[in-house]
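For reference, the structures are reproduced in the following blocks.
Each of the next two complexes has chain A plus one other chain: chain B in the first, chain C in the second.
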Partner chain A sequence: MMRFIAGRIVYGVFTLWFLATATFFAMHAVPGDPLASEKAVSPEIRRNLEVRYGLDKPLMTQYGIFLGNMIKGDFGISYTQKNRSVNDIIREHFPISAQLGVLALLWATIGGIVFGAVTAYYRNRWPDYVSVVAVIICISVPGFVFAALAQLAIIALNEAVGSDWLPVAGWETGSFRHMLVPSLVLGLGTLAYLTRLMRSSMLEIMEADFVRTAHAKGLGTQRVFWQHQLRNAILPVVTVLGPAIAGITTGGFVVEQVFAIPGLGRYFVQAVQQLDYTVIMGTTVFYGAFLIFLVMMVDILYGVIDPRIRLAPERLRHQGGPI
Partner chain B sequence: MSTQHYPNDWFAPAPVHAALDLPVLPPESYWQGVWRRLKANRRAFGAAVFLIFVLLFTVFGSVLWPVDPAKQDPGVLSRSFVAARSLPVAMPDHWQAPRLDWAANVPVSGLAAPANLHAVSATSDAVRLVWQPVAGAQHYRIYRREGGGAGRGIPLAVIPASYLGYEDRLDVHAQDYHYTVIADDGLDEAREGAHLMVRPIAVISLLDAQLQGLVPLHVPADIDTLHVDLPMHPLGTDHLGRDMLARLIAGGQTSFFIGFGAPLLYIFIGCLYGAFSSYVGGRVDESMMRFADFVIALPFLLFMILLRVAFGIGAGESGVMALIVAMVLLGWPMSARLVRGQVLQLREQPFVAAARLMGAPSYYLVWRHMIPNVMGVVIVSLTFAIPGAIFTEAFLSFIGMGVVPPIPSWGSLCNDGIQSMLTHPHELLYPAALISMTVLAFNVLGDGLRDALDVNLDVRS
Partner chain C sequence: MRIIPAHMTRLSTIALFVGWLLLAAFAHAQGVNARTGTITLGFSSEPPTLNSMESTDQVSSMILSHVKEGLLRYGPTGELVPGVAVRWELTDHSARFWLRRDARWSDGKPVTAHDFVFAWRTALLPTTASQYAFILYPVKNAEAINRGELPATALGVKAVGDYELHVELEKPCPYFASLTAFMTYYPVREDFFRSRGERYSADAADMISNGPFVLDRWVHGAALSMVKNPRYWDAKNVKLNRIDIPHMTSDPQAMFNLYRNGSIAMTGLTRELLGKAVELDYPIRSFSTGAVFFVEINHRPERVTSALKLRQAIQALIDPAVLVNRIMAIPGNRPTDTLFPSWVKGVEKPFIEEYPPPVIERSLLRARTLLQEYLDESGLDAPPPLVLLTGDNPMAVQQAQYIQYVLGQGLGIEVRIDKQIFKQILEKMRAGDFDLVTAGWGPDYNDAMTFADLFASWNENNRGRYQGAEYDRLVREAQGSNDPRVRMQAIAGIQQLIMDDVVILPSYENSAVYVQDPHLKGVVRSIFGGDPSFRYAWIEEGSAP
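Then we have the complex of A and B:
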């Protein structure tokens, strides 16, 4: 067990190092440089700026400095937002993204498990058909379209009811009504995937021998459902929590953009567009570390829950793929 | 220990019953069976037909609808439908507002409203207003309001009292305008102004017509009644007056190019990688798969963004190649693992062992048994990879990291459309519907194909 966990951690650290290195060199391959957007400056001032940001040193020295600072948890100062450190940006805006993401993940897991179990239970009857169609639509429609449609729906609803309780966009710290619709939109795709997964896993379990045994020894339908079917069917859902979190994190880029939420995703996209080196590197490494850590935790958790996984590490690796 | 004796006639061949009551099915190959099962699946077949239509639409659309997707029709911005129309060309002329030679500079208490305000000409090129002088006026102020609402609208100009006319060229369209002309005495506006509602007729200025190549550059000066035919826009125009239908076709070409190009490439590379790895086996196989696992563990979209930024976009490039290369670099390991798993499984199958026992050479095993059996899962993974790639492209274009503006893609059309979603929803709805329905069709087709390739699900066997 310890060996398994240690192996996962080494793997995670290695991935993180690769991510940081790739980010660093990717940023330096970009044509143009962060000082190019400044007003025309004299060569002397430009040289001073380069010294200030360490751009005058050889590439490998810069890389060494970057890695050293990263280990210390210091991502430097933003090039475009004066006197704002990357750590400040992350500290200020990540909690917003995290609140939104946790809520979205909550909707997705609860919804996915409930809908999946219900549709499997009502197999080939109308609740099943309705949810199968809903799932395939949710998987096929891009997140930004849902976000836009949700905004239109809010406007229509507010006009019909004659109140503005549900805001169309924007953010207020700790305000649930600002989070409600964006988090639902953000969780929708994952919810659909989890419903599909839960349905097939539930169908498989319903045919299993131990379920028949449970029925045969006279347990009530309720008890078999809760104790034997549901608990076992939830297992595969745990495996996809890693990619689900990744999907919700990147989906946040879009939802934050559409709903004008000042989360970290929006700053990341902005930084990429402005070629703000330090912010891109800091945010990427931060996001990467966050995702790698969570996927690692999910892996370990799954290994703890299901001993078969520890013995067959090949099955453990999650399915990647876009969004 | 007793030996059992069986009568000899037990081992005689059974008589052939001519009317043996067994259903006789014509022999069919694996792929014939797949095709039959796929045809029987109504939904999958419908999805396939829809996809063929969308493909024909994007490939041949630009032949049937040869409109330049980048061409702007400045008269019609963000319209949901524009019919074909013939517009008169407004010749450039220098209009002089009527002037007073002499104005009595006598202060008057209580300025009147300008009398007889009317338009001497009203076209979408220019609206020309004239009015009668007001005694004691120092200036005239002109306001304009569009359509409904109340008030005077935006202030257009303050002109000296010696002018008795005004030419409005500020973004005039063929719609109702309410003009207000008010005199002022140098300090305050008069209480009352003159009002006039004008609906300019649609024209196109000679310069615009020449810029769009609708009329030759050298126009005989005496032609006054020149008309040009402007094209219709069946699906409307976007915020720059570009034809939506042409943009949807061009966007589809980009989206499909990326959506087909990237998965075909990375699945091909992945297949080679996986096949090689499983063929060699041992240490090499293990380390090759370790590397594939490692690439899978990288956060996909984060790396897509990074690679897309790192490749940069030079002058005159569309960003399509950068997207495809980034997708290929990150996408191959999935199919490599898929193929390797299949090959390892197949290798243990009795029919492979039997073939080997009969002395089949390696190339025969690969050609006759491995490739046809692996083909199925590869095709299924391709039908799921294509919508994935279209989605990724749309996502990246949406956050501004995809194709570069003059080239449209469905994702970037959505990005443009979302800006004006509340006022002109058609700009978002068309590309969004196309993306959604295409991805939906690919998903349904993929499901159907997966079922069709699975012999165990066949009712016939």
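Then we have the complex of A and C:
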């Protein structure tokens, strides 16, 4: 197990280096100029700005300096937020995205597993059809539509009830009512996706030999469902959970924009639009590391749930059956 | 103030909005609260920097105009009124300001003439690299200091005692008084600035105020609050106690929803939202942003658009009235044939009343004749395709499509629309990688010169690289005089030249439409000095009229 983990770490570090390097050069290859401003500046001021941001040096030197600083965990000062370091931006805004993301993921996972299992159980009957339609809508309609609709619904609700318990938009640290609707909207797409995944996985398991065996040896329906079907069917869901967490925390841009939530997602997207080099690098490397870490965790978790995954061919041979 | 790709302007930037007042655990959203004297707004973005010497954008300018005050400021009707200075005197080559003795920083220390000297010198340092350093250039030696040729101490400004400021001017500058209301001219106290180092103005605690409000709270990217400054010299006439800005989002729809919910006091409207606001029976307000939009032309000799006949052919076909009234259809925008908006002052009356813009003869026949002449001159069989650079927002694209359609149908010119994000538009304009570009210009100070020198050969913002000896001569003539008649005569010459030489194709004067809580009164929307201003605002109690 330790070798397995160590291997994953080495692999992760290499991936991160590759990601950082590719982003660095791609970013510099994008046409446009991070120092371009609405107001043209004199060549003297421009030179001073280049010196301030180290853009006066050759690209490879800049790359070397960037790598050195990255190892130290320093991403420099933002081009657009002139007094703020990229580290500050990540430190202040990522926890907000994370809170929102975790809550969204909670809805998505619970909802996905429950709906998936239920629809599989009632396959080709009305609960299945209803959920299929709902799932298709949730997957194909973009998040900002749901976000805007949710806002209108809140306005109508507030008007009807005469209270303001649910805010239309905004954020207060630790305030659940500010998180509730945005996290539901944010989790919707993933919820739908997980429902589909869970449903097909569940259907496959329900037909499996070992399930029939379990029934045959007289186990109760409940026991078969919880012990054999659910635990096996959940595996594909766990696999996509890592990328889903990253997807939700990074994909929060639209929801953050509509609900005026000061998360990291908007910095991530706006930095690209504004060619804010340091923020682009900082957020990309940070999210990259985060994603790599999550995938690694999923691999390990997967190994815990399913010993076959631990890449041990000889044991696999002896122990080929289901758990 | 900035070149703005059409429509990216205040509609969104100014989109000031939001509100959300936390009274207790169960917050009660309220755009205006008469009992506490609080209003709640929203911003389209986080202020990039609140260091007045370096700020350039609308949001920062709005906040700074509330927490700081220059020698002069803008009053309730947009006129210049005393700020830190009680009176002033302007001659051809100098200016003198007498400062009030009751002006205080928020820590109680007096605001002195030294604070202005320090701010102006620091803003000009090449190492400060302020984008707005140029606005100090009317002060003697400012430009040389900014280029690093002279030390900052050579600047033509000195404090005579604590309460008198003497300024030497580089050349006559009849609008110098209005410049002192601009944020780059705001005072900065040296000891406080030095005590904060790199952190100066980075957080609420790293700021010090001398304006009607102080910055109370600043959660980056999330929220800002300003509270009334009890030490402000005119505090008794500041009616609002608190301005909360708890929302920052560039989504105008979200802001509008907050306004509908009664959570914010005002919000800007896009064209789509305007329709909704009308449906909801909200009174629609509009104000001139002061900006002018136009199609900028690439005059670099290697581009086809350097041919006058081709430019004239295009000019004879593109009609701002059609664009504004039929295509854009936002109330308040006003089609124009000149670079100088209707609010620019002339000798006595508005400039365009004294010197009406030249009439452009628009007809398909004339356009086709001119195009044929161009083709004959250049020995071409068919007109070459043109690249039209434009922004990635729907309104700019619409404008570009209008030009594409008109030139294609009328003259058989193929127009290729090059849609880019803002930074890339700027880069392509700088590199000259375009034939036409939808652009705009917002004024920096209250004088025709803020527009007039835009296409002078030495101006870095002249991104089409128009080079005209006559144009340059007229700009110098207007800059070299304090006599309004001489100046306006020269400006009129520039106006004529812009049409004759087709320097640009003016499109429209920009207005912004917005909705505002009917209980909130006295908000000043203005072209200069930070917009909107709540310095004179108050909340009327009782039910809305």
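Operating definition for what follows: the second predicted complex is superposed on the first by the 286 of 323 C-alpha atoms of A that agree within 3 Å, B and C clash if a C-alpha of one lies under 4 Å from a C-alpha of the other, contacts with A are read in each partner's own complex, and residues count from 1 in each chain.
The definition used in the following text is that a residue touches a chain if its C-beta (ideal position, glycine included) is under 8 Å from a C-beta of that chain, and two chains touch if they have at least 3 such contacts.
Since the structure is predicted, the reported quantities are computational estimates derived from the model, not experimental observations.
K.L.:
Is this a clash or a fit when chain B and chain C both end up on chain A?
P.N.:
clash
K.L.:
Just chain B (first), just chain C (second), both, or neither: which does A:Q257 touch?
P.N.:
both
K.L.:
In the superposed arrangement, which partner chain does A:V304 touch: chain B (first), chain C (second), both, or neither?
P.N.:
neither
K.L.:
Check whether A:Q273 is in contact with chain B, with chain C, with both or with neither, and answer first, second, both or neither.
P.N.:
After superposing on A, A:Q273 lies in contact with both chain B and chain C.
K.L.:
Give one of first, second, both or neither to describe whether A:V130 is in contact with chain B, with chain C, with both, or with none.
P.N.:
Touch status of A:V130: no partner.
K.L.:
In the overlay, answer first, second, both or neither for which of chain B and chain C A:I155 touches.
P.N.:
both
K.L.:
Taking the superposition on A as described, I'd like to know which of chain B and chain C A:M27 touches: first, second, both or neither.
P.N.:
In the superposition, A:M27 contacts chain B only.
K.L.:
Mind working out whether A:R52 is in touch with chain B, chain C, both or neither, as first, second, both or neither?
P.N.:
The answer is second: A:R52 touches chain C but not chain B.
K.L.:
Looking at the overlay, does A:V145 come into contact with chain B only (first), chain C only (second), both, or neither?
P.N.:
First partner only.
K.L.:
May I ask you to decide whether A:R84 touches chain B, chain C, both, or neither, giving the answer as first, second, both or neither?
P.N.:
Touch status of A:R84: second partner only.
K.L.:
Once the structures are lined up on chain A, find the stretch of chain B hitting chain C; candidates are 379-387, 415-423 or 433-441.
P.N.:
Between chain B and chain C, the clashing stretch is 415-423.
K.L.:
Enumerate the residues of chain A that count as touching chain B in its complex and touching chain C in the other.
P.N.:
The answer is residues 31-32, 148, 151-152, 155, 257-258, 273, 275 of chain A.
K.L.:
Could you list, by residue number, the parts of chain B that touch chain A in their complex?
P.N.:
Contact set of chain B toward chain A: 293-294, 296-307, 309-312, 314, 333-334, 337, 387-389, 391-392, 394-395, 398-401, 411, 414-415, 418, 421-422, 425, 428, 432, 435-437, 439-440, 443-444.
K.L.:
Report the residues of chain C in contact with chain A in the complex, numbered from low to high.
P.N.:
Result: residues 1-4, 18, 20, 22, 26-29, 42, 46, 48-49, 51, 54, 56, 126-127, 129-134, 146-148, 198-202, 219-223, 246-251, 253-254, 257-258, 260-261, 263, 421-424, 426-428, 430, 459-461, 463 of chain C touch chain A.
K.L.:
List the residues on chain A that touch chain B in their complex, please.
P.N.:
Counting only chain A, the residues touching chain B are 11, 14-15, 18-19, 22-23, 25-27, 29-32, 136-137, 139-145, 148, 151-152, 155, 246, 250, 253-254, 257-258, 269, 272-273, 275, 280, 284, 287-288, 291-292, 295, 317-323.
K.L.:
Under the definition above, what is the set of chain A residues touching chain C in their complex?
P.N.:
31-34, 36-42, 44-45, 48-49, 52, 80-84, 88-89, 92-93, 148, 151-152, 154-155, 158, 164-165, 167-172, 257-260, 262, 266-267, 273-275
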